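Handing you a structure now.
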Amino acid sequence: MKALVLERKGELSLRDIDLSLEVGPDDVKIAIHTVGICGSDIHYYTHGRIGPYVVDAPMVLGHEAAGTIVEVGSHVVGLKIGDRVCMEPGVPNLASRASKLGLYNVDPAVRFWATPPVHGVLTPYAVHPASFTFKLPDNVSFAEGAMIEPFAIGIQAATRARIAPGDVGAVIGAGPIGIMVALAARAAGCSRVFISDLSQEKLTIAGRYQGIIPVHVPTHALDAVVARETAGWGADAVFEASGSPQAFDNIFDVVRPGGALVLVGLPVSPVRLDIPAAIAKEVRIETVFRYANVFDRAIDLIASGKVDLNPLLTNTFAFKDSIRAFELAASGLPSIVKVQITLPDEPH
Amino acid sequence: MKALVLERKGELSLRDIDLSLEVGPDDVKIAIHTVGICGSDIHYYTHGRIGPYVVDAPMVLGHEAAGTIVEVGSHVVGLKIGDRVCMEPGVPNLASRASKLGLYNVDPAVRFWATPPVHGVLTPYAVHPASFTFKLPDNVSFAEGAMIEPFAIGIQAATRARIAPGDVGAVIGAGPIGIMVALAARAAGCSRVFISDLSQEKLTIAGRYQGIIPVHVPTHALDAVVARETAGWGADAVFEASGSPQAFDNIFDVVRPGGALVLVGLPVSPVRLDIPAAIAKEVRIETVFRYANVFDRAIDLIASGKVDLNPLLTNTFAFKDSIRAFELAASGLPSIVKVQITLPDEPH
Amino acid sequence: MKALVLERKGELSLRDIDLSLEVGPDDVKIAIHTVGICGSDIHYYTHGRIGPYVVDAPMVLGHEAAGTIVEVGSHVVGLKIGDRVCMEPGVPNLASRASKLGLYNVDPAVRFWATPPVHGVLTPYAVHPASFTFKLPDNVSFAEGAMIEPFAIGIQAATRARIAPGDVGAVIGAGPIGIMVALAARAAGCSRVFISDLSQEKLTIAGRYQGIIPVHVPTHALDAVVARETAGWGADAVFEASGSPQAFDNIFDVVRPGGALVLVGLPVSPVRLDIPAAIAKEVRIETVFRYANVFDRAIDLIASGKVDLNPLLTNTFAFKDSIRAFELAASGLPSIVKVQITLPDEPH
Amino acid sequence: MKALVLERKGELSLRDIDLSLEVGPDDVKIAIHTVGICGSDIHYYTHGRIGPYVVDAPMVLGHEAAGTIVEVGSHVVGLKIGDRVCMEPGVPNLASRASKLGLYNVDPAVRFWATPPVHGVLTPYAVHPASFTFKLPDNVSFAEGAMIEPFAIGIQAATRARIAPGDVGAVIGAGPIGIMVALAARAAGCSRVFISDLSQEKLTIAGRYQGIIPVHVPTHALDAVVARETAGWGADAVFEASGSPQAFDNIFDVVRPGGALVLVGLPVSPVRLDIPAAIAKEVRIETVFRYANVFDRAIDLIASGKVDLNPLLTNTFAFKDSIRAFELAASGLPSIVKVQITLPDEPH
């Protein structure tokens, strides 16, 4: 089967590769329609690794995917051939201690698409457990379906924050994940969400949404803006989505007494945290690792019209142009938010 | 000072009455601009009591109020003459055990406007603690300001429900409080909120809001609609806002396993609760008594454009026509949601 | 294989019965050593049904069990032949929506020992999933191991209550479950737990524990005692463990403002709940259905010496005397708390 | 009035000083009986400052106090002359936003005994708001009453951790606060609490308590011990109570997936936090600043016999020997846990 293969750091090829497509009794087989490119796909391409996960054998990329069911296992209920679906890319051991607690995202046994040594799904067909495959309502497109995965990270962050209705949010970093977090925070109850970045271009995209207020860091300090807009009180929930170590300087000045700081971005180098400042305000710090139990709720937010992800889709490529799609996505141009690849229409 | 006085059950008069207007060091004096009529005002008018609270002396009505500050006490900071404000009508003993816990709404010492023996504010001036008086942003009208109080009940209910983003909500009863609860539940993260009532007219008003889905009980059972729309799973949060004992029949059939039932309405007669049904799903039942720490967040939801209460304001009267306003509000016509009274313009 | 079989309502026999003992790759096979008799076992014996669960075919009784592993499936890790274990008797579909949320106890697909049509384990051998089988430390006896199951209900109740350290608890009903709940509430942080009952004999057993304070209802009203001992404030967490509809009269007088009522007992007839009283104090009502993710923590509380269940074991019978054991347990004598049956020693 | 005065860094004197003893309507006047020496008292003595709080004028030390009421204000209810009491040393503005939320400990307006510029209470009399003064039951001694304050920090930490019954805890640092935290964690539901330190002598004191397990860091790594004792899972709640930057190395190896890290100690220098390690386990990090709403519950834990603080009281001095008491406390000898000073008996 043809697939977009990361041969090694910096080398992609669109070529045939052997992939198992055996459909177990609890599985479905999906004809992949759309796959988004995630920052982690790009990072494996450009760096060959993410922390302990090293690409030491050819690996198919892609884990933000939507498609159509073409086969169902013998035990599957609730899904049928022809259903349009999106897929949760990480599959845990459901009998593990973490999974039984409802925290299957932190089960050490999780197998996650396009995370070595597990192949991704930039390929015409994939087999996946039915319980991690979610039907898309008619009014949710494949493009939206393939953005559920990054949006799910935003929802997980907003859930961990325990937002109360009317809270003020602040997001550091207006990349794709930062914007997803801001949208999720607003959907989760925030009245206003401030979002900061160095790039005016990214902020312009974020600022098109009602209730999301851009803060251009070279011109205005986030803590000063939030203090001014909240009568000196601070934001109820602050989300770090930049991964920049500099973002942690004075970060607790943005948070209100008793508020929350939610860590979403992976810092690229060690971070000095001002613990006395956190303690003086008794700040709660939450961390976000992927998501659990979020896909169905994320789809419902899209289907109900509460959140519109379409403005974030900036570029779409055909499968045969996958390598070009990756090169563009890796360019880091600020006008690019989400790049997607659509697969040949024949099998669908 | 002239005021709308409930002389006794069924008898209102607009007349002069002696009211203390002494401004303490932590108080502000407000020229009242707009006062909404609440179900409790009507109930005191028509029944002369609510549970243990009996009108046994003339009492000024009205507790949903907005106005303009005309005097500030010597210790007040953060508010000044000319500020447009709305007021939280219940003032607790801040040194009580409940208040120190952040639960000042259940402090037995609370003094609440228009709850015997405490006068309300359907009168040109009122004095109130600054810490229970909230500045209105320029883009929030007095009419909206006077609807913050009932909306705060909705916010309290949505907060108690602990809604996760994308949850499905269901509200029983489409009166003013039911609609406020539905709006708050959606603002707090629900993707969709089903709302049920016997009156098609009330449901039409509620159904004008995106994401709020009317269920006409004589035609469709709420549990059946919710089951159909959630693949048999149930609603994550169900709000009882009708006070009707019949609403409790099969109420747990509407809730998902592990979901929440939030009790907002005061049943007019004893209620049989199907405890085995609640236990079988391990439902959490929350109750709502007014609100605490909600006004600032409610105002922010209005000011940020996330919630629009204006469609709920169906009738406005001049102060001199207050009695007529109450007669209309007490008529129970389904086309009436919120009735407000505006005071003479001179002092403002 | 010989087993204690409930042939039909009121008729027990100790006889051979065909039971599957096939060990799947994720299962273990256990030589049963000790089985406790639960109120539900007795209820099936005396009434032939519990709510919708009807005994319409012969069923082996018993679900409070401990034993020794004699065989392990090919995929099992963490357990080995010879391990002394106790078993969680309900096995859900781990891929269900409820299970993925960590709420596997409310998964409608749960199969629970000795709940029709699923056989129990009053028989020499049982096969069970390894992930619902828990190793007993050396200092935890089989008798204690077989009491983990009812104690787990207490732990689930204490967990749902969200006890803060130093809280005051109150338990209505001093049967085996009531005492287990009281012990769990104290272990979970309560400084003092009041426990009420009509039977002085039961209260004497409960009152032997430090920090558990008996309240003899015919002499003292629970609400009055709690009010006196908490300066009129009330108990932080009240647990209903009697199932008596009378217990609900004035039950909210026992709870503090903003406190919790936890429903453990299944009322035998419909219950009138004073919802206005609950609302006036904004009481949170939690319900408890069996337990999830509790066995490991319950075992640790026993092994660490924090909770001693041994005083609750009042009667032990040999397997051959199982029917006599049930007759005694069903007698309802107040001096009987927990009755256990031990199986022939040969195979162990 | 005579008092122990910190004249400046390193210089103590026991001398007369003018202190206001005016009793307002909501205040009580207390004859001080016992005052414990806290690490912060010592730090002001040895360093002249703690972070932004600088001793730039003579200041009376001491904030862990118990005594007897000798006068009550006109509005006080619930306390009377002769009552034995302990006092919560921080008094907030109860009308502030933080206080109304129940988070009065993080109200920026808090005035806290022996924190510049507020005097402490190592002096025969003090005046304090009745709502921050707590009656001691007859079976709680003055010495125990004066240890409620440091124990309250432990309770706050255990509350923030949201311990479930049977959780495994781990505390880094076996100083007075570390031991208080360990005792609170066990009282709050932990089955076992591991506590680590460099000093074997301190660990010996901690290890005398049932369920508290010493880990001598030079011999055994805490993460290795916890992993071994929890089958590789980790501790549910880890408390950092040493303030040592080294403690943060590998700290997330001690925590289970989805567990909590609670920061109690103030690091003396900047700390590098391994955020990717926290994120990979989705660890929740809580911070503790003093306490709120804890004193009554802390007293109840002592009075009910659940926690015994007496073994921690290692040294008692007379008021006239206060300076000697401070010198001993400042010596840092590992055999010293809590040093207290008792005042002359005449006025009591």
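Per-chain residue numbering starts at 1, and chain names A, B, C and D are given in the order in which the chains are listed.
Going forward, a residue touches a chain if its C-beta (ideal position, glycine included) is under 8 Å from a C-beta of that chain, and two chains touch if they have at least 3 such contacts.
Values in this document were obtained by computation on a predicted structure and should not be read as measured data.
Listed here as common contacts of subunit B and subunit C: A, D.
Graph distance from subunit A to subunit C, where chains that touch are one step apart, equals 1. Averaged Cα coordinates give subunit A a centre that lies 42 Å from the centre of subunit D. Taking each chain's centre as the average of its CA atoms, subunit A and subunit B sit 38 Å apart.
The set of subunit C residues that touch two or more partner chains comprises 97, 101, 103, 296. Against subunit D, the residues of subunit C that register as touching in their complex are 78, 155, 158-159, 162-168, 184, 186-189, 191-192, 210-211, 231, 294, 296-301, 303-306.
Every residue of subunit A that touches subunit D in the complex is listed here, in rising order: 51, 97-98, 101, 103, 105-108, 160, 233, 257-258, 263, 266-267, 270-276, 278-289.
In the complex of the two chains, the subunit D residues touching subunit B come out as 26, 94-97, 99-104, 129-131, 292-293, 296.
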